[in-house]
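One chain, chain A, appears in both complexes that follow, with chain B as partner in the first and chain C in the second.
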Partner chain A sequence: MPRKKTDKFVVLRDNEVVTHLVPGLFPAGRQSEWTEQNRTITFALHPLSTRVAIAVAGKQPSECLSKKTPVFEQDQVVHVCGMAALPDERLPFVNDTHAVFAALQGIMEAAGGEAAGELVAVGIDGLLRMSALYREAMLRQVRVLQEAGAPSEFIVSEIETFQSMHAVWHLLEIIYLTTNMPGLSISIVPHFMEWLNLNFPAPSSEDGQRIVDSLGTESLALNTDLWPYLKKLALRGHVATLANMLERVAPAQELSSSAARWARDIARVARDMPLGSNEETSGSFNARWRRWNEELQNTVSAIDSLISGGKQPEANDAELESLYAIADVMRGNADAISAESKSWQDMLGAILLYSEPTSQADRLPSLAGIMVEQFQASEFSVLDRALVALLNHELPEFLVYCNQIDTWLSAHISDLMDHISILDMCRATFAVDPREHYLLALGESYLSHENLWRVGLDYLGLIGSQAGNSVMEEYAMRIPLESDTKAQQVLRMCDKFKLLRAKDRIHRQLGRQKWQRGRLGAAISHFAQVSDRRAVGQICDQLWDEYLATGELSYGPTIDGVMASGLRHDRLQFLTKYRDFHECYKVGEFADAGKILLHILLSEIAPPYAIADLLVDAIPLLEGDELVFDSDATFELMRCAETLLTQPPPASGTVDQGEMSIFSVACARNLARSFLV
Partner chain B sequence: MNTLQVQPVARKITSVCWLPPRAGSAYTDTELYFVTGSSAKHKELILWTTENPDFSESKGQDADDKPLATLVAKVQHDGDVQGIAVVSPDVIATASSYGTISIYDVEHSAVASDSLLTLRESVTAHRFSNGEPAVSTALSVQPVNSSDAEIASCGEDGRVAYVPLTRLDALQAYEVDSTVVTGVCWPTPAQLAACTRAGQIKLFDRRSPAEVSAVFVDPSNAYSFECITSHPSQSFRLATGTDTGAVLLWDIRNPKKPTMEAFNVHEANVWQIGYHPADSSKIVSCSDDASIAITQWASSGAASDQTTRGVRHLSSFFNALSISCFDVCPFTRTSLLVAGSDSGNLLMEKSAASDFSLF
Partner chain C sequence: MDIDASEGSSVAAWQCVDVIDNAHKRTVRSVAFEPTQGRTLATASFDGTTAIWEKGDETYECVATLEGHDNEAKCVAWAASGQLLATCGRDKSVWIWESNGEGDFDCVSVLMEHTQDVKMVLWHPKQELLVSFSYDDTIRVWREDDDDWVSAATITGHKSTVWGGAFSPQGDYLASVSDDRTVRVWTQHTAGNAAAAGSDDGFYYRPDTTYKCVAVVPDSVHTRAIYSVSWASSPPTSGDAGGSSTALADLGYLATGCGDNSLRVFGVARQAEESTSGDLDVVLVCTQENAHGLSDINCVQWNPVYPGWLATSGDDGIIRIWHLDAMT
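Then we have the complex of A and B:
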């Protein structure tokens, strides 16, 4: 159970920014005069992005004001203010890491299906691969930014952020993945040194080059950088380079004979430093190490006796003292290491390398504790704090510091920690699930960028929690649908994550939009998708009304398109049949036309208000030369007319009494004819 | 699954098109040019240049650290770029989400970085009946060798618009569908085919553009069409991509009884489709599932047995989102495919590797 230090969880307000509109909506210092003119400011937040609409508003509605209150032209403007939430420079990084994130969730899901034993192996292997890809993306981003040319303040801070992110990520990877392979006990030391030298490179290779170049030309005494450089090489475990340098220094004129001798000796010993390998047993390595260490002990005591022997010239030999320090560091003397170290990372690295070369990851917390005490914790940067918290396994604290470095880091690292199942120990500390919380925050910040709506939604969906899905659903409904293609893509996301409510609402919204724009066919198909029978019926009624008003049967193409998509609706069927009736009638196939008309009436797909018109349409068929309706059919027609006339007026629409009586006469005549045939 | 090379460009690329080699230097250009159009935050047309693989000395081995293409010129575009069509090496036409058709001049210069893209003219082609501009979904240039070719564009207003390249004011638009017209192509200079959201292919004779001369649907399935293309030499062969990820090949020799064959090569909407310019027995398609499929729909060459049919998929691990456009360079011997995606990547395949998985 981690210690709870509530005071460390105070939210830092450094990230909040106050910005000013220039020029402002009202002149500075004239607020009181301004407010007297019934003016105030109103604003509306954009539901997705970080944009805000700001405008001058009246405190009271204009109806309540006297006509004398002045109206100002500059008040008729709405200002849309946007804050760049996510710099465009990050877009490639966001897209790359999104691909990795999505693949990682896929791998873990697939591994989850395996038997419990295999899960660990498949999982850790996959996680290591993905973790490496994340780190590659960070390093690539650093490289791209460095090559970007003129380094602005922004670029410099971005580079620093990405380097910090990489340092944190790499250390976590080493502790929990690389050296945590099940069934293997792997020493953390080589990995830690690799981490140290990759993320906090020292001494720099330019320094080294400069010193090598100067060796031939300048005298050693003037070269003040040489010995600190050599000490740094020793501290960071660059023993081969150190040996080479010492051998180049040794023949120098200024060096005393004993210093030259010991420089050669240390170079030889440094080359012999034992390196562990997987084949070697730890016992045999320890034996070799002990022998090497003893050799160094001898060197150290020999140099020590030279210096403390008080004999000139050795007693004041600065070079000899530096050599002593180098040998002492390599011997693993904690005091010597601490004296030479500039930072806790240096010191931890050197102690691990020279005094505990076979340590495993679980040794780190106690070592880190000792280191940190020797340095001023109050001067630590956020990165230092994050790394120390990680070394101490204080994961909740670690996450908070990660979040201060960057929201990307806290989101992805909590996701990774969840997959290695070390996040559970944080869950008790936080009020909300940290992975969900940080991923939600990240997803939402992506949504504010126009290009990243899909990435943002994907993050929200891949959280895989109830809260993630409901937030995603709310956002999905609010994504501006500028084009039909984008609508298709949003709907596909809804399908993928089973957001039925959002899908329903988007279809209705699109249906209404198309209806307003006069695209009735498209509107019907959207409403049909969500089975909004009422809206489909209303649009069909509108088509029917247009037919009655113009007398032209022009809706054919509209409903054809819709029928092709396989929709079934009474009103639509009615419109289609009615058009078929017209087509038959037009080409003179009266028998077929009559059959269709009768079918419409009998199957009751026609709306009540259209029945009178249908009956009137039957008159020419009844009165025609050819007998279309037999006696049964005529009886049916008459029954329809009867039902129509007995209905209360509003349901039956406006029935023209004159036309109905013509219809009755026509029916009677047709009936008589049908008996004769 | 073959891997595409990726170059992040931080823009949602929604259309891409190769420029033909400049007149007189055909097949010998060492630099090839193509134009991309982007959407959302960066609405831009960009002219890129890349090495002609026919002449490159290194065979793509050490190309990892070299960018795939270099930016030559950039110009703001009014609205999302929905489609680019090449008229000549110096002239391109674009369709925008504000319903406009625009003509751009490409001014090549001896120094690549001095080349320019300039807007010549534009015209609004698509509007809804309530006056709002409608998204233009695609455009296609009439396949005639004249300076006065017509551009056909289609839009969400259900119309197909025709406009002669040199007189944009002579625009004619005809309502052809009640849903969205999603794609358009010219099988012959006198015939136009459009596909719709409702899953129909509609044919028009250019001389009577208001009348639909034939409609084809697949009655057994309810899907919508996202794109259409016609065979480069056999005008009766059409190909459409559906929202379900299928590529449909139509033979409309008999308009009363068209035959259709479906290849389910994608998992989501097929955004663009085209016959491979070097081998029309292959059809290339890109999709919302972030992959490109090259389908061998007919056996090529002499071997006429059915077993040579198959599909090859191209994708990239670093491209998680929809690939919305592609173009295969018709001017090089080495097949050179460029594509653009919603993840803000330019994708390229420079080889002619062919490990097809057979059906």
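Then we have the complex of A and C:
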């Protein structure tokens, strides 16, 4: 078989995440002293591997150390470290989205059969519905966090995370689901504007309120926020609000007559902006739109000539210049739009809205490229990078940024992408399957939280891969089983996902536990589940020993419970039959008792060490008034005794010679009696 | 194969979640989590005692102190059932303790057969069988016989201190590492039946059993003493229909930590079917030199749950977590 050469490799130190123990074990940079003081570090991994215990250890044996070797306080400390736990604030979100995730996997599997994930089978609107449920959960979380009262740094950062996740998710939804209906060509533009205004709202509602409050008062002219506000309205396509505002501003005393006139004009044009609808043909819409655009062109030219005409007061009319800018933006002039845009999203939105209103999603990459060039890409946040990668259809890069935003995002979005059938291109780029990789990481983070073990296991199982199942099984075998209820829940999970090794290990562990605590019936049941006949046998032997020691047969209820589960085991049979024998004897049904005793001996279910006791049990029946054993039966009994005595001592247990001779005499007498009958 | 020292693409960091103060009056030597529940931790110390800690609601509390060793306790290990504990020490002894289910431990056996200090003890993953590794160059196998523990076998072959060992994931082979710079792999050898070697019972003691060495990594590979070894199954390769990488390592991967500052990973495989010796191939698949800078690596352990992840600790005072990437 071919052998691989050993490889040299590069350590990517900048990817390394470092945690320093506080208080530290020794001062920074003084590792050589550390070794001279005979100290090193050792560790032990927690069985669930989510924790590690760390301690200082010694190198040299203690006898080699001088008495003067100092002992440090840090040496007496054991640190236990774990992965940062999921914050409790996320629990409702985790549970809600788990339900959506599970439902999504369910419908995909039900619909697709062997081609699970086929878009056509489930229908885009099915996926769209699921996608919307996810977004609802994100928005809900933002609301809940915002209502938290005085926001800590943590809350602020969480809000930002969820808003970012929503922005990313929403954009993916509109590109790959909403506008991707088969057979239909849907413009991305209205959806893009909706996305833009929902996720990056501008202008802010507080600004708007302040300005509305100041309208009609003296401070309008002094309100330096007004025109920037109006321009922002234009940029973001809030044409109705823009029109209202312009109409309210127009009568203001401070405005020149030209400005007032054009304010009203632009208001009218803004109201006339064509909106597409499903009923209108694209031809008709395009015609209307071109007319509208022309009117704006005319407006712009007219105002321009006023301003550049050099006549006063129009030449220095700031309001008029603002109106010019507004009209220029609305006619789709890239330079004007660029001047007003604070972000690349602003610019992209306005360009789409005002110069390419019927564009489809495939237009986005080229437009996005142009936008991004105008803005400092080096200052882009991770969110910006994720969005731009998405617009450019660079999906592998997109996923990497998603993961930097939050591990919840990369896990769920790669799953959605898989169901939309756009993940395959990423599979070629990554060394591992990205969906599996991110879901595994997410599942692991859930498993390290006490209350989320079921959710974690479910995620691992729903990955549907060998790696996921093997991690899940390893985990299931090591989950602490603090209570019977939890043990049952874990076993149910094992059944659901067919984790046979885990089930086996858990039953054995519980069996041993119950055995140690004297709950023998429960112990037998557990060992029965895994067909551990040896353990069942040993426990039965113990029950028999207890009976012999106390003289009281109290194991009846214990084994009844087990027998109900249908386990076939010689020892159990023996104990049951012996109990039955005992019952018959107690109520005086000696004939039945005798039959049972004989049956036990002849069917060989009795353990070798018990045979002597059984024969001794026969004595009262042999000597009783009633004839219980006929001659054949008596011969059988005698044969048993003979076999017993000819066997080497250890196998037959302790045989009391005195009792055996009483037995022999009793047999002889009974035999004689039986011949007379 | 490739190892890269990163936490993977998730940027989650490790935080200290618990601190146990005043564990011992002198340096802690070894720590171990109880394997079935993970709520209990044992710490063995230079002062000869072993402390048992249980995780309560808030923090760890010392529930028992096991005394007995004359001087430093070198290693503590839990059996897979979680009910037995073994410690070993410089006083050449191996002690076996049993949990009575209520947080107390009874000493079951004190085993004095080694002639020099005992460096490490290790339980079999499936059976109640204990192995100890010693400065006297031998490995001893211990088994229970009628409520007491006895020496079942002595494995010789190493030419110097045996620092430690690891069982294969199924428990049918034992790897040991030594001051003599070799790694040796052992399995049971039932006289007269070579085919039975490595069969179901694996390493389990039987009256006619001896142990034989089925693989040696020669002393040319590691240039200093080897302090630690860990053995794990091969990670399942996603979507791979059992390609050449799995054939190369069908018994998993061995990782060693060495005094020459390097971390090494070996693939272990059964030899081709023509061979009836039961020998194994142990092939070096990658090396990380100076894994802890210019410091000895004193401990390596594969992650028991996530295949392909490995933790190492070194004299530089750092614990590193590694991921083994199978290159396609």
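The working rule: the second predicted complex is superposed on the first by the 579 of 677 C-alpha atoms of A that agree within 3 Å, B and C clash if a C-alpha of one lies under 4 Å from a C-alpha of the other, contacts with A are read in each partner's own complex, and residues count from 1 in each chain.
Just so we're on the same page, a contact is a pair of C-beta atoms (placed from the backbone, for glycine too) under 8 Å apart; a residue touches a chain by one contact, two chains touch by 3 or more.
Please read all numbers here as calculations on a predicted model, not as lab measurements.
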| item | value |
| --- | --- |
| Partner chain in contact with A:Lys586 - chain B first, chain C second, else both or neither | neither |
| Contacts of A:Arg143 with chain B and chain C, given as first, second, both or neither | neither |
| First, second, both or neither for A:His599, with chain B first and chain C second | neither |
| Which of chain B and chain C A:His449 touches, first, second, both or neither | first |
| Which of chain B and chain C A:Ser483 touches, first, second, both or neither | first |
| Dominant contact partner of chain A by residue count, chain C or chain B | C |
| First (chain B), second (chain C), both or neither touched by A:Leu91 | first |
| Chain B versus chain C as contact partner of A:Arg271, first or second or both or neither | neither |
| First, second, both or neither for A:Val432, with chain B first and chain C second | second |
| Contacts of A:Arg517 with chain B and chain C, given as first, second, both or neither | both |
| Set intersection of chain A contacts, chain C complex versus chain B complex | 482, 516-517 |
| Chain A residues within the chain C interface of the complex | 1-4, 6-13, 15-17, 19, 21-22, 25-26, 31, 34-35, 39-49, 51-59, 61-63, 71, 75-85, 400, 403-404, 407, 431-433, 436-437, 441, 444-445, 465-467, 470-471, 474-475, 478, 480-482, 509, 512, 516-517 |
| Residues of chain A touching chain B in the complex | 88-89, 91-92, 95-96, 98-99, 102-103, 449-451, 454-455, 458, 482-485, 488-489, 492, 516-522, 525, 557-562, 564-566 |
| Interface residues, chain C side, partner chain A - complex | 1-39, 41, 43, 46, 53, 60, 71-72, 81-83, 90, 101, 117, 235-236, 238-239, 244, 247-248, 272, 283-288, 295-296, 298-299, 301, 303-307, 309, 311, 313-319, 325, 327-328 |
| Touch list for chain B against partner chain A, complex | 8-12, 40-42, 80, 82, 97, 128-130, 132, 134-135, 137, 156-158, 175-180, 182, 196-200, 215, 217, 222, 224, 226, 243, 268-269, 271, 288, 317-322, 342-345 |
